[in-house]
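Two complexes, one shared chain (chain A), two partners (chain B, chain C).
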Partner chain A sequence: MINNIKRVALAGAILFAGFSANAQGILGGHVTGNIQIDGQTSRRDSIIGANAVEEGLLLNARADVLYTNGNFSAGIRFEAYQNPLPGFNAKYKGQGIANYFASYNGSWLSVTAGTFYEQFGNGMILRAYEDRYLGMDNAILGFKVAVRPVNGLTVKGVFGKQRYYWEWGDGLVRGVDAELNFNSIIKSFAESKTRITIGGGFVSKYEKDETILADNPEYKLNLPHNIGAGSVRLDLSHGGFNLQAEYAHKGQDPNVLNNYIYREGQALFISAGYSQRGFSANIQAKRVDNMCFKSVRSETGEMLYINYIPSITKQHTYAFLSMYPYATQATGEMGLQGDVMYKIKKGTVLGGKYGTDLHLNGSVITGIETNHLGGRGTEGYSSSFFKPVGLYYTDVNFELNKKISQKIKLAVTYGFIRFNPVVEGHAGKIHTNNVVVADLTYKVTPKHVLRFEAEWMGSNSVYDKAVDDKRCGDWLMGLIEYNFTSKLFVSVSDQWCYKDGIGNYYNISLGYTHKATRIQVGYGKQREGIICIGGVCRQVPAANGLTFSLSTSF
Partner chain B sequence: MTIKHYSIQAILGVALLFFFAACDKIEPSEDGTYTVYSGAVGEWEDSDPVADHTHRVWIEKYTGPRCNNCPTADGVIHDICEQYAGKVIATAIHATQVFGTPIGSSPDLRTDEGEAWCTNFFGTSAAFPSVLLNRQKSGTTYTIINPTSPFTSDIDAIANEEAAVAMNVSSYFDSQVGKISITTSVELLEDIADDMTLTVLFIEDSIVATQKMPNGTENANYIHNHVLRGLVTDKWGFDIDCDKKQGTARKVTLRAELPEGVNIDNCQVVAFVSDKSSRTIYNVATCPIL
Partner chain C sequence: MKRLLMTLVLVTATAFAYAQNAKMPDNITLKSLDGQSVQSSVIQNDGKPIIISFWATWCKPCNKELNAIREVYEEWQEETGVKLVAISIDDARSASRVKPHVDGNDWPYEVYLDQNQDFKRAMNVVNVPHTFILNGEGEIVWQHTSYVDGSEEELIEEVRKLVNGQ
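Take a look at the complex of A and B:
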């Protein structure tokens, strides 16, 4: 209680100082920040499965304030969930100071005390980050130290506990990471076209003993209390070529997500690419085996993840292409992604007067082979490294961007997506979808822009009330958006399932932007589904009502 | 080499040593699993309501033969047990190498479970004698009491509250199977949101073992009472299978062998219901072995 009072007092002092001084010149430093408020109402709609909001209005709000003075910085974040928006965990209900830190950044030493975010390499052994749209925040409360003894070498150390809604998880997270850049540390190599960086890290979590029974309840698991994970990585480039690779290994970590097995985990991520003016190509591959790494072994939700497995599927923005996003399977998956971009030069037959951009992307994700050895309290399974089993996800998409005239731009996209519902935790046959999107922008005047978007999705899926997946069926969508002087916009859209499914989701939105402030109000229906950012996903329930959003920065 | 460089190397060295040591490797047992014996479990079934709604207090005393002040605490607890007869149940848990190592040829009264509890509640710097009352917490830390002086107000604070759980326990020696049969009944007197566990253990009175006394001497004929001799269940108990609603009454029967060296005539059974997460105890009961 006393700590909370102190935090609130500190927050108030900084906020007051920040606003009264117009975000400048506080004790020789300056204050910056941002505020975001999102609200939603909903009434009952039995067709789309929306429930009425009992409170009438749900609100998520947050304010970040950062004070910087030379090498010193300090910040706080106040969050309020009164009550949480649909889809956010009910444990967020409440308000308070969620994030607070003080930091010193010197020439060879940086120290942060309080809450912080951090990532080692690609994050496969440690990634503390937050995503407000996913409602996940695995910030660490503790200390972070980074030393740079010589130019080109950085060694970082972290320890602390992770955020668990309004509490801190019981598990203790400790980690060290070192990164060495050869071009900086070897003088004769400084100007080389070949750039090489190597790195490695080790993270250990400690968790106290608890009783978790084996399948025979007279026996319990002999649990490890300190669980380690290490990784090595390479980042190499030469001219237009680049290669990035990271391998991670995790010790025995029986937890609820792997059904308390003792198999050690491993993950490999490789990315290679080439780029030059007007052309780029990239290929990525990964294999993940039993790499769920949380600071509390019994936690099933979106919180307390220590690591992050990079996603190698394209993150789409169009509605039907993103209707079936892929959720990374940290328990086991392997996959490939290829991506090619090419710009047809202007003045050619295909390029026309303004040139044409082509973008081809494809990815395939499968499960890994698992030869069952036993249930909880055993090794679990064995697996061949290179043997894929069972399709999880395929996405092949082709995008053409063409400026037709000074006033008209056209983007056409075709996508072929196969999606196995097992990645969302339930059985069912694979959905095969074909999606076509046409996006036309017409500049009425230099400041007035009209945009049309039309989408079609044909699917082999059929709505089944027992499964209640409201994404099934064939869909059409239309959207018209008008931007007035880039400050005010209005858009009207409708998504209609015309075959083998249910739902008609209309929306109207109005937005206003002034300097760093944006206000948006919308009314309509929201289909239940899943949103994923970087392979991390959140369930979004259906809603029928008003939404509004206010964001500003200072 | 500057001080900065020496400092960095020292920090890195210590950090690396620490982190590379911080990874446990569990070896499989003979059957290939990574499990250990947990303790007896049983099938929960519906029960008659529990008539006795007394909110009893478990005096969990951490002690040892090399603890000079522990006999003083024994006296204080003896008086409390007489004053609060039927409302308190005392258990002496011998633990740690410093305090719990037996003197001379006296029996070792420490148990693995007692050591684990001690480490969990006190860390590695336990100060004996110490008492927990129903494993109550103040904030996030357990409330530790120095029992060398009376602590009746702490007892009253718990015993005067209405019990959330009523319970009783009965036991007898089943000569047909050569085991002790223990039946525990539990009734919820209010809705309880969290998961609960049942822990059952044996205590023994009248054990003669050398004890250090407050004046520094050793008493070879010291009588140790209500000493933890072993657990029937896992040290953190096993799940109570119930719907957590007020009025729910459930019972379970466990069968266990008496730990080696324990005199059944001086032995009693103690059972308690606790919150699975916080480990705070809702209620406790005891019975002789008939």
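Take a look at the complex of A and C:
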């Protein structure tokens, strides 16, 4: 509580400083913000594995208030978890000011004091970000400075501690990053068809000593206190061609996630492609080896990550295509992804009157080779760079979007997914899933829209009591949604595991949107599953009851 | 504690009382599709209205909205002079596919990347799609979240009202 008072006081002082620094401030400044409240009830349902909510109602809520006046801005965020929604870490329980900052954003200098988010390159050595739906927030509390001495050059520096639910982690994070755009720096290059940007960063974390025993408990590990990670990157394009690459390297970082080995880490990410109007082709490759980088070495959960390793599988949104999502394995993985989009022009035989959009995507992710060298306190393993070992995930999917008439639009998707349960951290056989989705939109009147969605998934996954994965089996789903203009919608859906599995999940939803305000109420059963955003995932337990959500921006 | 809170509330209330339409922040760093860092002040349309649409490659309604507007964009531009600026909030996972996605869908819009989501936070965007209309002075005069087929009509109606000085 004392802490909260201090936070409120600080935020108040920051706001005040902003006002008094510029007497015109109150007149010239603006207060904006947003609020979101999510609630859920659930009763016991032993078939789907839902537990009763003892509190009756679970609530997550947050409000951001932002004050802006010219180059000055300040903000606070209030969060309350009374008690946290299912799937959110119980350590979130409570309420208070989670986030507060003051910042100056000039043309060549930006400074932020307080909490902030930041990313160097692709985030492979540093990414402080938040995702409210994942309950993931690794904001840094400290200082951030960015300098742009000349057009085309940006140098950033950050330091601070990371958010750990309602506390701040013990480890210190320090980082610098520079990015140079040749076309802005070199005058004769300004109009060139070739665009080149290069960048590089370095991040170091400090953590004090602790006692971790080696595999032979007579020895205590000699832990490094300062650990560095660096990366270099390139962004190059020439007309329709583009190439992006980043390589990151991390020093010896024995931690609980790599079982306290002293092997150095590395990661490589490459993306290359060609695109023109109506057509694009893109290929991505990635290799990650021992790149878990946290500001506290003994932390196992979702918090205190300093870096972020992007997943290179497609992020699906249809229910069955996202039933078995891929989660990045930062300890070691390699993968490839290809993506082709093509728009068949209108007025052609295949394109018809309105044209047809085609989208083909495929990815394959495997483990890396590991030759065991020893346990805790040793190098751990050796690995040859180009050798994939063991399948984690394969996804081939094809999507066709077609406007059939003024009133009817159709989207058909086929997906083939092979999934290794080891990526979710439990045993089980690799299984194969075929998914077909048909999504039809019918304009009843110019503003009233009826939507049907039908999905089927055939799977050779088999329900096993020991694992108790209720997603197993073959599924059917139907959804009908009616939109009374963009303001009001009602939808009814059912997901039914008709073979080898468990459960029937119906849901009724009602939503109201007015400008930037949205209210949604749902009643029904929620399948236990996994929500993933950007390759980071959260387990969602089954529920049977009422959900509601309110969000607004002002 | 109470006094501080009170003050805070008062100050906020005062600011509200005086607040005109909030302006779009013009000092947030975004990335252009060719990898160059730019300030949000590049979002301009010579005193004519601007539509800002926050979207992501993986967001179905966002893609529906931007595809639907593609079909009528030329007419909209001729009629009202409006310009649509699409802000992608894709993170490192899909950011490198934004340009292929824009080209593959044949979108005629000005597109910027907001990978660190600074602009998204500054504009108080909670979910995508979230669409804003700015007047000639860069003030936010209308905003809307979510998309269903046909709601682009409401969007252009609002732009028309603005152009006709209503």
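We take it that the second predicted complex is superposed on the first by the 531 of 554 C-alpha atoms of A that agree within 3 Å, B and C clash if a C-alpha of one lies under 4 Å from a C-alpha of the other, contacts with A are read in each partner's own complex, and residues count from 1 in each chain.
Going forward, a contact is a pair of C-beta atoms (placed from the backbone, for glycine too) under 8 Å apart; a residue touches a chain by one contact, two chains touch by 3 or more.
Note that this is a predicted model, so its numbers are computed, not measured.
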{"item": "Chain A residues touched by each partner, larger count belonging to chain B or chain C", "value": "C"}
{"item": "Contacts of A:262 with chain B and chain C, given as first, second, both or neither", "value": "first"}
{"item": "First, second, both or neither for A:125, with chain B first and chain C second", "value": "neither"}
{"item": "Partner chain(s) touched by A:139 [first = chain B, second = chain C, both, neither]", "value": "neither"}
{"item": "Partner chain in contact with A:530 - chain B first, chain C second, else both or neither", "value": "neither"}
{"item": "First (chain B), second (chain C), both or neither touched by A:417", "value": "neither"}
{"item": "Chain B versus chain C as contact partner of A:315, first or second or both or neither", "value": "second"}
{"item": "Where chain A meets both chain C and chain B, residue numbers", "value": "none"}
{"item": "Residue numbers on chain C that touch chain A, as the complex places them", "value": "1, 4-5, 7-8, 11-12, 14-16, 18-20, 22-23, 25, 27-29, 34-37, 39, 57-60, 67, 71, 91-97, 99-106, 115-118, 121-127, 130, 142-151, 153-154"}
{"item": "Complex interface listing, chain A residues touching chain B", "value": "108, 145, 147, 149, 155, 157, 174-176, 202, 204, 206, 208-211, 213-214, 216-228, 251-252, 254, 262, 374, 377-379"}
{"item": "Residues of chain B defined as touching chain A within the complex", "value": "4-5, 8, 11-12, 15-16, 18-20, 22-26, 28-29, 32-41, 116, 120, 197, 234-238"}
{"item": "Residues on chain A engaged by chain C in the complex (per definition of touch)", "value": "5, 8-9, 11-12, 15-16, 19, 26-27, 29-34, 36, 64-68, 71, 73, 105-107, 110, 117-119, 121-124, 127, 129, 146, 148, 152, 154, 179, 181, 183-184, 195, 197, 235, 237, 240, 242, 244, 271, 273, 275-282, 284, 308, 310-312, 314-317, 339, 341-343, 354, 357, 359, 401, 409, 441, 443, 446-449, 483, 485-486, 489, 513, 515-518, 534-535, 551-554"}
